[in-house]
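In the two complexes that follow, chain A is the common piece, with chain B as its partner first and chain C second.
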Partner chain A sequence: MAVTGQELKAMLEEIGVKPEVVRVLDPAAPLLKQGLDSVDFPAFCALVEERFHLSLDDAFALKLRTLEDFAAHINQAGGNP
Partner chain B sequence: MTRAEAIAALRASVHDLTPGQKIQVDVFRPGDAPGVGRLFLQIYGEDYPVDEPYVPELLIEANKTGRIHTLVVRAADGSVVGQAGIYQSSPPNRRMYEYGQILVDKAYRNTFAAFRLHKFAEQHMFGKLPNVDALYGEAVCHHLVTQKMSRSCDFFECGLEVGLMPEEAYAGEGVTGRVSCLMQVRVDHDRPGDFFVPDCWGAQVRAILPSWPLTRNVKQGLSGRVPAADEVTDMAVQQFGFAGVMRCNVAEVGAQFAERAEQEIRESGELGHDLIQFYLPLGSPSVGFAAEALRQAGCFFGGIAPLWFGEAGQGPDALLVQRFLRPVPLAVIKTQSEAGAAVVRMALEDMNRAGREFGSPMGVVPVNVEAVGAEPA
Partner chain C sequence: MIQPENVAAGLLARNLERCPDKAAFLCADDTLTHRALAAEAARFANLLQARGVGPGQRVVLVLPDSFAYPKAFLGAMLLGAVPVPVSAMLGAEDYAFILADCSASALVTWEDSPAAEGARSTPGVAVVLFCGLDGPWGLSGHSAEFEPAAHAAGQPGFMLYSSGSTGRPKGVPHAAADLLGPADPWGSDILGVTAEDVVFSASKMSFAYGLLSSLTLPLAFGATAVLFAGKPGPYELFECIARHRPSLFFCVPTLYNLMLRAFEPGTPGCDLSSLRLCYSAGEALPATLCQEWMSQTGVEILDGIGSTEAFNLFLSNRQGRVRCGASGEIVPGFEARLIAAGGNADSPEVPDGTPGNLLIRGPGLAQSYWERPEKTAETMLPGGWLATGDVYVREQGVFSHQGRSDDMLKVGAHWVSPVQVEDALRQHPAVAECAVAALRVEGLLRPCAHVVLKDPGQAQALLGVEILKCARELLPTYMCPVRVVFHNDLPKTPTGKIQRFRLRNA
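Our next item is the complex of A and B:
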């Protein structure tokens, strides 16, 4: 089953991003321009790896800028929770 | 091999790492020692104040005996591209280790190397090292990254080391003024004990204590015992020339404490330091006597450090008191949590009080900058 933006938003809260930041987050806009910082971003990548049994190379992960980018990659890679 | 010989060998073998390789975090192996030295040389030059990082056999020995637990990030070709350390440093309690020295090679700054080191430490080291009861970190306050990483794994704020580091230590980071550090502590194995609240900083101590996840036998109003004439002050002095800081660990408070403290303050100023710190034993019924002597000498409140003394001296905990030796500009102070912001407020307010009351030199907080308070998300 394809991962949704809502599921990914819930994961952002799991890594400690404030709910008020997550609530207004635009899935098509860069995460680092919407209140995530240099600690949140790798923490989110690490949780994506763990949750969907994927391996994200650092250089590749930095190209995943939006929640939609993450969802597309997870769905394409066949990541399963 | 001496430090000078080791640094010469490192200089002779300096090379740029191949960027873009796959990286992996691991515990230290003896073969990593030259790579760790290369990193320290790249980032600190020849001035890092201890020898172990530069001298391979010292680093290997320290990791073998458990004085240092080094973590490394290795690239696919075996190069060391990053490192972090859990190590014995200033606390007299040899079971309280410092967590820090997170360094990443310049070719790998655009990776998650620092984050991966921290996650590895959290998952495999924190709370799992047999010779470690507590960890402390000095999280710089000109950005929030370190504070945030520590807070996410059970470190709590307990003090502010105002203007601890010179701006030169953070060249290239756009810092102006001395950098303050938030003291954050994580306790895995507590050692309960007496806790005498010093009258002169009782309000600050009582404000911090409720946030401690620790149990203490708190003794209010009993801390002002005057030491007997034959009781001698036991004070160990450490100098950090590169930082312009003198740190005094007071294991025992004696009758001549005030004179000894005045002498250290005077000598530290003569040596050209900017800052002097005193760690007083909160397990001593004379801690209030010592605290009042330091207050009269123009010192201000810094915080309370759990397990700083442990079983050494009249521990287990310490009161941090500090004093500038000349007026210094301070870098912006940012805090990631409300608890951290409260500690910052207490320290800066008391610094200003010492300036007003005793004419003590102060750190000058940047004008028109929000210096205190949690940064908005």
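Our next item is the complex of A and C:
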């Protein structure tokens, strides 16, 4: 089943991003422009890898900028929770 | 024996002669020329002297990167006092510790900073000078003439602080002349710095890497440095580069990673056309990040490693032959030895291709830690060798970083002591035992919390969130674990000591 933006938003809260930041997050806009910092990004990548049993390739992971990028990659890679 | 020349006076005089009206520093919309810097540093020395500060006394600097920084640093040096740059990101308790540890006579900081609070609880800090970005109030009332003091032989000329394995920072005193070490040959031959260069360092002047990039290089070559007062994120860095058009950019892998993620080629906000070279230090630059940076930006990036103890880079890549994923070759003037674990300075070297602990020797190394004889004996070895604590493999003269020989983590170019993070994690009532070890994410190391719960039946997903949040409230950002992994037991030695290295997932 395809992962949704809502699920990914819930995961952002899991890594400690403030709910008020997550609530107004635009899934199509770069996460770094919306209040995520140098700890949030690796924490989110680590959780995505763990939750969906994926291994994010280092070079490819650099291209994941928005929540939609993450969702598309997880769905394409067939990541299963 | 007295050294013939005050190092700060020598640097200032040289630039006053060759390029007085050229910008020494740029900060936001403002320019500080070499002439103005010389005058202001002299005024600063006069101000400190008028307030009773004398040669040999420690002057702690807790400031944003701004004009006040070089003025205060060089002013203290002119006086023969010992400037002690300290990170502006610490808490009041940490400042109180450092002020007491180095028996500081003076503190230069901004009003209502946590350092000022720390000074209030530290007897002996007789002088607290409050600064704006331009310097302390009342500076212009002092004379721009100052007779520089000679540096006393064997005494520190400046001192930096480096995080210790117990979480308490240790002072790393350097001779005044060590300030010039990075200029030659690293600056001159490896970077090819000239007076035409404009340098910009994302690393702050309170760190060795920031101080040698933002102070040593511009002053030694009569070049210009860009200072950025805030905590820079990727967008701020792009903006600052587009605005001031530096030719040399010094940054750390964590920020290069974020910059690539924010990079939009061809847009005015991401104009890197002024850059001729990028440098990376502070933590190992992952091979992928190195390759991606060069292919996406078209700017060469050199990885290297130095340390606070060296106040220099001792391994470095070279222009035109970058080896992504490696720290490069030895910087001329330094010698390196790789020895097996448990060895000493006399042990034979491990063969090529075998990991060994890196020892270095060369000019400008700190001779001791400040009042830490035991730590000094562990690190500053007989024969002038310095134990770096880094494990390397050497192949045909090229060194590749393999990790640390101790439990320390280098995260975002900051030292992280697992002990300090574990202390914070234990504040959570559900945590029975914990250990912190490195987790590799996108090629970079991050702290990972390994936790044993008091009640193993508790809902782990929810607790993981709570534990991370708890840590975030107690720790600086870079120390915060990015993930919590739950265990029934932690690996231990027969004597019960937790084996953090078994938890590393590098």
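Everything that follows uses one rule, which is that the second predicted complex is superposed on the first by the 81 of 81 C-alpha atoms of A that agree within 3 Å, B and C clash if a C-alpha of one lies under 4 Å from a C-alpha of the other, contacts with A are read in each partner's own complex, and residues count from 1 in each chain.
Quick note on the criterion: a contact is a pair of C-beta atoms (placed from the backbone, for glycine too) under 8 Å apart; a residue touches a chain by one contact, two chains touch by 3 or more.
Note that the coordinates shown come from a computational prediction; the quantities given were computed from them, not determined experimentally.
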* Look at where chain B and chain C land on chain A after superposing the complexes, then choose clash or fit. => clash
* Look at A:V21 in the shared chain and tell me whether it touches chain B only, chain C only, both, or neither; answer first, second, both or neither. => first
* Given the touch rule stated above, what does A:L47 touch, chain B (first), chain C (second), both, or neither? -> second
* Now for A:D58: first (chain B), second (chain C), both, or neither, which partner does it touch? -> both
* Asked: Looking at chain A, does chain B or chain C touch a larger number of its residues?
  -> C
* Is A:V39 contacted by the first partner chain B, the second partner chain C, both or neither? -> both
* Asked: Taking the options 26-34, 98-106, 188-196 or 260-268, which segment of chain C carries the C-alpha atoms that clash with chain B in the overlay?
  -> 98-106
* Indicate the residue numbers of chain A shared between its chain B interface and its chain C interface, in ascending order. => 16, 37-39, 42-43, 45-46, 58-59, 61-62
* Asked: What residues on chain C touch chain A, complex-wise?
  -> 233-235, 254-255, 257-258, 260-262, 286, 288-289, 291-292, 412, 439, 441-444, 446, 448, 461, 464-465, 468-469, 472, 477-478, 480, 482-483
* Residues on chain B engaged by chain A in the complex (per definition of touch) -> 20, 22-23, 110-113, 115-116, 119, 144-145, 148-149, 152, 377
* To do: Sort out for me which residues of chain A touch chain C in the complex.
  => 13-16, 30, 32-33, 37-39, 41-43, 45-47, 50, 56, 58-59, 61-62, 64-65
* Asked: What residues of chain A sit close enough to touch chain B in their complex?
  -> 16-18, 20-21, 35, 37-39, 42-43, 45-46, 57-59, 61-62
